[in-house]
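Next come two complexes built around chain A: one with chain B, the other with chain C.
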Partner chain A sequence: MSPTLSVLAVSVVCLATLAIGAYGLRLSRTTSDFYVASRLVTPGWNASAIGGEYLSAASFLGIAGLVLVAGVDMLWFPVGYTAGYLLLLVLVAAPLRRSGAYTLPDFAEARLESPTARRVAAVLVVTIGWLYLLPQFIGAGLTLQIATGAPRWVGAALVGAVVLASVLAGGMRSITLVQAFQYWIKLTAIAVPVVFLVAAWRSDGSPLPDDASWVTPLHAFEHPLYSTYSLILALFFGTMGLPHVLVRFYTNPDGAAARRTTLIVLALLGVFYLFPTVYGVLGKVYASDLVESGRADAVVLELPERLVGGTGGQLLAALLVAGAFAAFLSTSSGLAVSVAGVLSQDLVRSEVHRTVGGRIPGVRAFRGASVLAVLVPFGLSLLGLQLAVADVVGLAFAVAASSFCPLLVLGIWWRRLTPVGAVAGLVAGGGLAGIAVVITLVAGRGDGWSGALLAQPAAWTVPIAFVVMVVVSLRTPHRVPRSIARTMVALHAPESLGLDPPGRSH
Partner chain B sequence: MSTVGRQDAQVPAAGGDVYERVHADPRYVELRKRHRNFVFPLAGLFLGWYFLFVLMADYAHDFMSTKVVGNINIALIFGLLQFVSTFAITMWYVRFADRKLDPLADELRNEVEGGAA
Partner chain C sequence: MTGPTEPGLPRRVVVTSPRMRARRRTSGYGVTQDIDTQTRLGEVFMASLIRSQLRLAIFTCAALILAVAVLPLVFWLAPDSWLGVGQWLPWVVLGIGVYPCLLAGGWWYVRQAERNEREFVELVDRS
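== the complex of A and B ==
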């Protein structure tokens, strides 16, 4: 791969990101601009921004890598990433918008009237955010290493620096522009080389993978039916609990626009995900040696040189490097904004706020928190964990599905949920899924049933979280929040009734 | 955090608390019922459809591994069609919300705001 071209490609993406961020800075003047872009973003832009934010390292590099390693079963990843939006839309999006809560901790406190619930939700947001940021940095290090031979930390540090600069500068308004732009970079970067790759493959006599088990479903995992169901549950129910996804629904002007946005998002994601599949299949034919060398995540980057070759191959590879960096930057920016928001609002300065009485964190506190939000996962990425990026993202989904999914679904639809029940469920579900994640991250995927249960925890941790929330709530009926009737009306009555959102009247 | 764009939309409390009036309105009850009765079966159906697909891959093995072109088998094609089914179900929900939820919500809103002004 040509280091010069790759460096050029990475520089263009980074500089364009910073330039658009700086342009957005001039547009964002108020705190609401900073957090939710004043709800002034049209569905087309917003959908591009959601797509841009959502298509992370896992989507751009990871899925092709997993398909290469494990075959067609891995198509559940893109299907699940997409389908999670549907459940988010129908079950929680509209009531959550009406609640006026910008973040998951906001929702927890408004619905449950409990600072403890808010604090627990904040810890979970930060955990999930860091878990999701980690593979972005791992992917960036890997990509820059393949492209230029630079040590792993360089790519991660570059992404961290650019993300910090754009987050510090612009907040959500400029991030929306940056991310919309990055969706189209990613789609172009992954689609254009496919045309050339498929042409080269056809002139090569269209060889197909000759591994029968690779194209047979339910062969990738040791306990295939359990693992597949568990993965589907994690991805379907986890999307609604991802901190950077939820806030996007506030940048729509109204509920109808939010629904339009979701439809466009599904179309944009569906189109995008066709391409990593093609890379995975071609990789099985032309680059299966990457599996043995443990670099399956690099298959997208390696194919152009192997199939097309020459200057053309180098140009296409540079385009893919640019797309991969767009993926790292956009997802990391959105996550960093969300994690920093929660850190500054709830975990670092909450005591100060309580005494001052304000809820709006100062922009300065937010900036300090941004540094922390980026530095922690950057540091973790240097530990040299040998993990497929899409697997780590899958674990983040499992934690989200086992904690925020029950909180949101029960909080919105079941009036008897109590703060005690909610906190117990969050701790049980999120805690168990978190322990499973840590064991898998540190010790690698184990064998047998224990390995399957730990590597794909959602199928048992999601039901546990629901059951704990329901049972503990039923046993603490006296703790149902006093103004539950008002809260429920605010969640389910039409928007802009002039109702004061719950938990904010004091 | 203050709620953007809502501070100036306070409804004067004429004739009882606005929450109580909305809560007691039969249209609000109907709105909640419609929403709930649509989305929960929809979510269940959707999840069931995916689980059934996985189960078919396990038990209807011969059918699913029928080859269409080269090694491209029915399972692979069905897998990609899951995107289409997700999109179709979302379209269904959007139409439902546009036709059955929004008009009722508008009616309720006009009533409450009109009564308050």
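== the complex of A and C ==
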């Protein structure tokens, strides 16, 4: 791979991100701009921004790598990432927007009127955010190493620095702009090379992989049926609990726009996810040596040179490196903003402020928190964990599905949820899934049933979280918030009814 | 960042309303008022809307589970047949076919959810 072209590609993406960030600095004058882009972003832009933010290293590099290693079962990752948005649309999109909540802790407090619930939610947001940032940094290190031969920490440090600079400078307004562009950069970067790769493959006689167990479903895991269903559960129900996804819904003008935005996101994701599979299958034919050398996540970057070759191959590889960096930067900055917002509001400062309407935590506190939000996962990425990028992201989804999914679903649809029940469920589900994740991260994937249960915890932690929330709530009926009727109206009444906007009155 | 610290520049005041598009109604009477002030009648109206939206959500989730989440079981129950004619069939289904279905499901849901809300607003207006 040509180091010069790659460095050029990475520089262009980083500089463009910083430039748009600086432009956003001039635009964002009020604190509302800084945090939520003043809530005036059209569904089309917002959907592009969500797509740009959501398509991370796991989507751009990880899926193809997993397909190369384990075959058709891994297609559940992109399917789950997309179907998660359908469930988010159906179960939470419009009510969540109408709740006026900007972060998940905001929602917990508004719905349950409990500072404790808010605090527990804040700890979970930071945990999930860091868990999701970690693979972004690992992927950045790997990408830059393959492209230029630089040591792994350089790529991670570069992404960390650019994210910090743009977050510190521009806040949410500039991020929306950056993210929207980055979706289209990523789609171009992954789609254009496919045309050339497929043409080269056809002129090579269209060879297909002849590894029967790789081609047939349910051969990837040790306990295939359990693991597949557990993965499906984590991905389908985890999306709605990702901290950087919720923030984007707040930038919709109303509940109906939130639904339309989600629908466009479904289309954008569906188009993008057609491509990683192609890289995985071609990788099985032309680059299966990467599996033995433990660099399967690099298959997307390696294919153009092996299949097309020459200057054309180098140009395509540089394009893919640029797309990969766009993926690291967009996801990382969205996560950094969310984690920093929660850190500065809930965990660093003792007072609790409402984000909109009341006094806003100082921009200085937010900046300090941003540094912390980026440095912790950067440090973790240096520990040299040997896990596939998409696997780590899958673990973040499992924690989100076992904590925030029940909180949101029950909070929106079940008026008898109490703060005690919610906190108990968050601690039980999030805690158990978290422990499983830590064991898997530290000790690696185990064997037998215990290994399967710990590597894919969602199938047991999600039901436990739901059951604990329901049972504890039913046993503490006197703790149902007094303003529950008011909250339910705010969550479900259509805006065209002309009631007072929620989030203002309290 | 927040304006007044920059010398020579007046603080820029941004005048926006996050709810520019929402129709503000002039009448403060009728069921709208009931819903706003949490009377018994208002609660009955709201409960009916929430119920119909929940029914729609559960129906859509059930359809998703039947259509997509049943696939591993299908693959599990008929594993050998894939090795014959259709060994690439699961790839086509999971790699391509799922996405249009998800989009169609989402489109259908949005239409139904907006219809529920429209009917609710009309009902409230008539009452």
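The criterion applied here is as follows: the second predicted complex is superposed on the first by the 486 of 506 C-alpha atoms of A that agree within 3 Å, B and C clash if a C-alpha of one lies under 4 Å from a C-alpha of the other, contacts with A are read in each partner's own complex, and residues count from 1 in each chain.
We adopt the following convention: a contact is a pair of C-beta atoms (placed from the backbone, for glycine too) under 8 Å apart; a residue touches a chain by one contact, two chains touch by 3 or more.
Predicted, not measured: the structure shown is a model, and the values here were computed from it.
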item	value
Partners on chain A (chain B, chain C) - clash or fit	clash
Partner chain(s) touched by A:Y279 [first = chain B, second = chain C, both, neither]	neither
A:P209 touches, of chain B and chain C: first, second, both or neither?	first
Touched partner set for A:F328, first chain B, second chain C, both or neither	neither
Which superposed partner A:H492 touches (first chain B, second chain C, both, neither)	both
Which of chain B and chain C A:F404 touches, first, second, both or neither	neither
Which superposed partner A:F137 touches (first chain B, second chain C, both, neither)	neither
Those residues of chain A which chain B touches in one complex and chain C touches in the other	31-32, 38-39, 72, 75-76, 79, 82-83, 85-87, 89-91, 94, 212, 215-218, 224-225, 228-229, 232, 236, 256, 259-260, 262-263, 266-267, 270, 273-274, 277, 413, 485-486, 489, 492-501
In the complex with chain B, residue positions of chain A that touch it	31-32, 35-36, 38-39, 72, 75-76, 78-79, 82-83, 85-87, 89-91, 94, 100, 102, 106, 206, 208-210, 212, 215-218, 224-225, 228-229, 232, 236, 255-256, 259-260, 262-263, 266-267, 270, 273-274, 277, 359-360, 413, 485-486, 489-490, 492-501, 504
Of all residues in chain C, those that touch chain A in their complex	1-3, 11-12, 14, 16, 18-25, 32, 35-36, 38, 42-43, 46, 49-50, 53-54, 56-57, 60-61, 64, 68-69, 72-73, 75-76, 79, 82-83, 87-88, 90-91, 94-96, 98-100, 102-103, 105-107, 109-110, 113-114, 117-118, 120-121, 124
Touch list for chain A against partner chain C, complex	25, 28-34, 38-40, 72, 75-76, 79, 82-83, 85-87, 89-91, 94, 171, 212, 215-218, 224-225, 228-229, 232, 236, 253-254, 256-257, 259-260, 262-263, 266-267, 269-271, 273-274, 277, 281, 363, 413, 485-486, 488-489, 492-501
Interfacial residue positions of chain B with respect to chain A in the complex	1-6, 9-11, 18-19, 22-23, 28, 31-32, 35-36, 39, 42-43, 46-47, 50-51, 54-55, 57-58, 61, 64-65, 70-73, 75-76, 79-80, 82-84, 86-87, 89-91, 93-94, 97-98, 102, 105-106, 108-109, 112-113, 116
